[in-house]
Amino acid sequence: MIPLSYYLILTMGLYIVGMYCLATKRNVVRLVLGIEIMINAANLNFIVLSANWTEGFIDPLAHSIVMMSITLAGCISAAAFTIIIFVYRHYGTLDIRELRRLRG
Amino acid sequence: MEIPFVLLQTILVPAVAAPLVALMGKRIGKYVGWIASAILIYTTSLLLIAGSTIWTTALPISETYTWSAVSFTLEFGFIADNLSLPVALIMNLICTAASIYSIHYMKHRIDELYGEENKSMHGLYHALYLLFPIGLVGVALSSNLIAMYLFIELVLIPSYFLLDFFGYRERHRVATMYFIWNQVAAGLFLIGAILASTATGGSFSINALSTISGQPIAFWVCLLILVGWLIKMAAFGLHVWLPYAHGEHLAHIAAIIATIAGLGSYVIVRLLAVPLAADFQVFGLPIMVLGLITMVYGGLLTLAQDDVKRLYACSTISQTAYSLVGIGSLTAMGLAGGVFYFVSHILGKSILLCIAGVLMMQTGSRDMNKMGGLAKKMPFTAALAILGSMILSAIPPLSGLQAEWVMFVGIFQGGTLQGALQFAIPVIAIFATFLTAAYTFWPVKRIFFGPLSSELEDVKEAPKSMTLPLFILALVSLLFGIYPDVVMHFLSAFF
Amino acid sequence: MLTLPLDLLFLFAITTPLIGWLAQKVDLPRLSGVYATLGILLSAFTAFQLLLQTLGGVVPPTPTSGLFNAYFDLDIFGSFAMVIQIGLGIAASIFSIQYMRSESGSSLYYALLIGMIGGMVGVVTAADLFTLFVFWEMMCLTSYLLVAFKNEEPEPVEAGIKYLLMSSAGSATLLFGISLLYGMTGTLNFGGLATALGHATPGPWLYIALLFIFTGFGVKAAIVPLHTWLPDAHSAAPSPISAMLSGIVIETGLLAMVRVLFTALISLQTYWSMVFAVLAVITMTLGNMTALVQDDLKRMLAYSSIGHIGYMLAGLAAGTVVGLTGTILHILNHALMKGTAFLCAGAIIYRLGSRNLADMSGLARRMPKIAVAFSIAIFALIGLPGLNGFVSKLTLFVSVADVNLAWVGIAIILNSAISAGYYLRIVRVMIETESEPSENLREAPVSMWFPIWILAILIITFGIWPDLVFNIAERAALAILSMT
Amino acid sequence: MLIDIHLLAWLCWIFPLLGAAMAILLIRIGRPIRDYAVVFFTFLGFLMALLMLPEIVRAESFNSPAFWISLPGGGSISIGMLIDPLSIILANIVAFLSLAIMIYSVKYVEHEPGQDRYWFFMSIFITSMLLLVLADNLILMFIGWKMVGICSYALIGHYYSDEEEHWLGGPDPFPFRTPSRAGLKALLVTTFGDVSLLGGIVFLYTYSGTLSFLELYQTADVWLAALATDPGALTLLSVLLLGGPIAKSAQFPLHEWLPEAMAGPTPVSALIHAATMVKAGVYFIARLIPVFFYATWIANYPEAFTFFAVTAAVGAITAFLTGTQAMVAVELKKVLAYSTMSQIGYMILGLGLAGFTSHSMTLGLTAGIFHLISHGIFKAALFLCAGVIIHTTGSIYMSEMDLSRRSMRYTWIFMWVATMSLMGIPPLSGFWSKEEILSLSFETGQFILFALALVTVAFTAFYSVRFMGKVFHKNDEENQEDKEASPIMLVPYGILAVLSVAVGAIGPWFGEQIEHIFEAYFVDFLGFEVHSGTAGSIAPAAQSTVPLTLLLPLLSLVMIVIGALPAYRFYVSHASSSEALVEGSGILQRIQMFLRKRWYINSSINRVFVDGTIRYRHLVQKYIEDPLDCLFNEGIPRLFSGLSKGLRRLQTGLLSINIQYILLFILLALISIVFLVVP
């Protein structure tokens, strides 16, 4: 059996990847994907931990949570893309660095 | 005579009246000022009655109203005792006089700024003005630190708005500056108050203050409250806001600001010098030295002014420092004298600042270099200016001298002074008072004496409604001068 | 069936677009607004009743059967927060009737608004962390869309996408943290978390969980340095939404944080209270300092919200009954004050068409009702006694001074003094002599100044008579502290 | 006794106060009634003083103070009137001279502006002076003292509009001074002294715990002992207390206000010089002498001798200094002013000498007070005459005066009488009183002081003859246009001149009586015993008195002749011309200039204090206030706005940077966890 820590390192890694994506990428769509990665890191965590809790028993709570979470992530993406469309309309680009009207 | 809730009435009646006054102003314009003044005359007489009760029974009157009692007790406690009553009474009196004075003065100023027919401005002004007596009397009568803070801040609001609405020249900038300085000062006071309350077990009562005496926190409490009030008292280094605030404020509001500055002596005595006497000891010498520097510096600064209003503004810096030196001596005589001097000084200073307003109104100028010989045209005003100067310069039979000698006895006794300082500080201090005569009477000469310039030929005497209230203040000062026990009876019983 | 206010909110959230569609047919553009307001009013009424019940010691009936069984738990804390949230919602909604009249799809706007309120109500009444998270996301989603609602302009859209990205990153972090907590205890119920973790010696994972959860909520609550989305979003959103965001949405982050901190993470209190103390000072200082040089009225108010979040954090840092009381009370007071301020700003923008402070000079003479209410709000924000802001700030200071964090209290007071610098600029500009842009202004319509004045009167009332709410706030704080 | 003596004393100063009230209240009734009402009340005051006079022979003090102020710690201050020989003498002098001057004023101010003001302040002036001399404690006395000052301010600056005809000083190259400036100067200079005096009083009180004169006398041993334990305290007390009299009585170095105090109406000058104000200092020193005498000679605190040393030195220097200036002054009133200072110098010298030996207390007191009396009489007469002269000629400069001796015969005679009294020609009153001072200074062995005083006698004779000659003896052509003064003006100074003669006639007896009374009062009644032969005393000069009584008057007569003769030749007989003499000699020219420039004392004080203040007053503003202002009111806002702008840059608008903040936060939190928690 693979120790739990490996999974946790993996999910942490995923989380960091998501963050890295958010911090470095320019394209807004990629940023949304970054967020998806982060949410999925958390989801994965739930799954991993659900199995870990009791030997040989998988907690259904975690799975229902993940189901719900995926739905929410979908909603977020939907909302994000709605706004992104307007971003493109107004700015003519998807480069987040071009969105600098608001500062200071 | 027993009047129910006499102290609460003093605070509450103007507060309730303020919105009504604002509304009535829309209808009757400047005449609303008489209503406001009548209200203040009523509260003054209430305080007088309270004063007579205390005089005869020697027992303080106290009233307590709970404000909030959940996590910690916040109270509106009022106490009129031998220390607070004379201070409250005199401040209410000044507010009353200034209120009557302002009826005509404000008409002039509002006409100038907002046009002839602006009635609602009168209502606004008088409503805001009514907050001053509430705040000032409230500070004096509070028996609770938070209530005191509330009243301190309450004074700030009308002074900010009145400065911004009706002040002179750079009024908008100065209003903000004034507000922030005072906000910082009040903030420091609040910090001190709360620190004290943590040490007393959550009580904000002034009576409880003495329980923290001797604890290390008492030092910080003293320091914070002291520095907060030193800002308000415009001690040297912290005084730079005051010439602006006085200079640009309406004349009689400047008088009230001077009152606030002087009130510091009362608060320091009330909160620090008496309940925390042992912990306040270390501040004695520094306060005296600071007071001394401020006295001299304020005097020199006053001599440097050509602007009639800034002149009396700067003199406030110097005069308030007198009380500071008195308080710094930490002797009973010094403290009593410091408070007495404050009472006496604000009478004079109110007269003088109001006179500055009269001059600005009647001559349209505030530059002393352009004045001269006005005594011929405005004999009453000139007489008032001299009376005011006499109070400041401690010339009997007005009250200045009585206050000054009581205070200087305290300073010479100088509880905390040792060695050479024991002689040096009092002697320097008393010689510094010479400057007062110079900076009050020299301007009198510049403004009122000498040949009248042709531009000022048309100047007229101010109306009676402006000069008479000031004469009453001078009469009060005369009373204190001839029979100082009117004040000292109270103060001696306290200390 | 959830709880009664929530049910009503959902009902109206769903039906408002229908009414809006209907309204379009009968050409009554304000109908959907009125309908939504009625809905919020109704739910406010029920929420208020719930509050009275909880205060009376009665545990209100939460659904005993059905899908969401036991996932809600009504205590005084929750019901009090709920009343604040819905109450501010009423004001925003009434204000919007006129403000959003010309917007297309205003029924959608109301639906989103009600949804946001619903989300917040869910967050504070949730009995377990995941329910909390779901409603949290609901609140976030609706707020993203509301910020970007005026999509015909570039700024709201830009603010919206940035807000969305940052806040979602925060949400993801939060979820990650929740998953760790779940991993440690196997339950997400607050009661369960409290029993499992409340008295245990903290292990390293608990710290990590704290970090993630705190960061997650912190982004929403705009704790420096996680605050960067806030000035953009708050200034670009429609003013009633700004009022909601500043007044209660970001505070909901704090409220949620309180729930978790005082149950699952109570064993780390000594650690996080120190961190909070530092962050409180940084947050309030940065917020107030940055606001000093703003020329955009709404942006200034937005920064000031950051400052106030700092004050609230101080109470959490104290972590005592007094501290929590102070925080809860300040959340209420800030909702009133900042709500008034943003709605006033909205009314001004509605008439003036500009957010620039310099254009507003002389406003007081043209729009006296708005100017007076605005001034009241501003003086309350400064913390002048007699107005509500003072009482809560005082409570906060006392609480930190009690636990030997007096320096935080001193920072609060000095910050109040600094903040006077920019707050007063607003007052000053309004009462300055008139300028050209403000010459032809008229007073704002009734539906705008009415909610503003309701809030302003509450500001004064709670200032003069703080015990009206002080009591409840304290009991709410006790309710939180009794969870472990 | 018809009326209780305490009541008399109170009424004595209350009546003039009522007179002041009349001056205001009766404005509308009409001028003559008002004037006479005021004068009448002054008269009543005088009457009260007169009624007290019989009590003087009892040589006791009457004092029944009434409660006035309660002080912290249970103490209190009572006030009352102190009636003892010293105060009775002074009160009588003041009240009498004031009455004469007030009667004179009725006519004098007939056509002057601001009469209400004039009468009001004159009455208050008299009130305060009477209050000053009758007060039984230091504070009450100080109140009178200060009120005298403010009244003098108002009266000197009576012509506040500064019309050119009221200017003072000049002619070129000497600067003109305006009345309002003169008033201010008088107020400020005396205030400087007052401040010092107040300091002294308060300082004294901290040791003595009482302000009452009688109690101070009675408890002198106790509080002096306390005072003497602090080194320097007695010296400090002496200097502080003397500051007041020195300024008030126009003594060196605070004397420069008096010459310019001539700017007011002449009766005011008369009042200031003869009856009030400048005499206050003399009175106060006389009051203090017993105490300091006790300290020096009986309690043996050598420090207390400072008081006497300073007093005597100041008196002698002033007498000499101002005597020289009087010789060259060009304005009539200014000559008289210098002469006043010079004469007051004598009085102060006499009082100072009281403490030089262990037995000279009453001698010194007598000498000082006697001279005060006689000077009061003749100086009042001189000023009143001068008022008439200036009125008649319309000029303040003696060079422009040329009066007819015939048509103004009475004035001429009275003025000569007064002048001779001033010169000290026997048997006029001035001679006897001056002799006492001279002989005392000789007897105590203070030969420098004696020499100064003696030389001043010659100066006095010179300037006296000079001004009389210049006014009345300019040429022999009789100027018929001049009219004698109206009786209402003439009578007052006539009476004064007669009185001068009368007092002179009984001079020695008069002096002796005063001495007896003081002896009986201070020594027998109060118990300030004078032991002869106390350590450190100068050998008593008792055996040499017989030759001295002859030698000294002779010597001073010689000095008078030395002084008067040249003046007579220059100004009366016109046998030679002083201008020619001065122009012929460079040294004399320089001396004349030096004297006219008032030894440059005035100009240097002016330069340092007045011009310095005016010129450099803005420096404070510029170098302290403005930088502070800049620091606080611009610097701090700028600092904050700078910080604010800096912090604003954190808000870059770049999402990636925002995310980096989050990462940074997480990182910092992690570090803090690692460092704070893990170990």
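Per-chain residue numbering starts at 1, and chain names A, B, C and D are given in the order in which the chains are listed.
Heads up, the rule we're going with is that contacts are C-beta pairs under 8 Å (C-beta built on N, C-alpha and C of every residue); 3 or more make two chains touch, one makes a residue touch a chain.
Since we're looking at a predicted model, the values are computed, not measured.
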item: Most centrally placed chain, judged by C-alpha centres; value: B
item: Winner on C-beta contact pairs when C-D is weighed against B-D; value: B-D
item: Distance between the centres, which are taken as Cα means, of chain B and chain A, whole angstrom; value: 65
item: Chain centre separation (chain C, chain D; CA means) in Å; value: 77
item: Inter-chain centre distance, chain B versus chain D - centres from mean C-alpha coordinates, in Å; value: 36
item: Inter-chain centre distance, chain B versus chain C - centres from mean C-alpha coordinates, in Å; value: 42
item: Shared-contact residues (touching 2 or more other chains) in chain D; value: 648, 651, 653, 655, 659, 662
item: For chain A, residues contacting two or more additional chains; value: 19, 22, 31, 96, 99, 101-102
item: Touching two or more other chains - residue numbers and ranges from chain B; value: none
item: Complex interface listing, chain A residues touching chain C; value: 11, 15, 18-19, 22, 28, 31-32, 34-35, 38-39, 41-43, 45-46, 48-50, 52-54, 59, 61-62, 65, 68-69, 72, 75-76, 79-80, 82-84, 86-87, 90-91, 96, 99, 101-102
item: Of chain C, residues touching chain A in the complex; value: 130, 133-134, 137, 140-141, 144-145, 148, 151, 153-155, 157-162, 164-165, 168-169, 171-173, 175-176, 178-180, 182-183, 186-188, 231-232, 235-236
item: Chain B residues touching chain D - in the complex, by the definition given at the top; value: 177, 237, 240-241, 243-244, 297, 300-301, 303-305, 332-333, 335-336, 373, 375-376, 386, 390, 393-397, 401-402, 404-406, 408-409, 411-413, 423, 426-427, 430-431, 433-434, 437-438, 441-442, 445, 448-452, 483-485, 488-489, 491-495
item: Interface residues, chain C side, partner chain D - complex; value: 162, 165-166, 169-170, 202, 204, 207-208, 211, 214-215, 218-219, 225-226, 228-229, 231-232, 271, 275, 286, 289-293, 418, 421
item: Chain D - residues contacting chain C, complex; value: 637, 640-641, 643-645, 647-648, 650-651, 653, 655, 657-659, 661-662, 664-666, 669-670, 672-673, 676-678
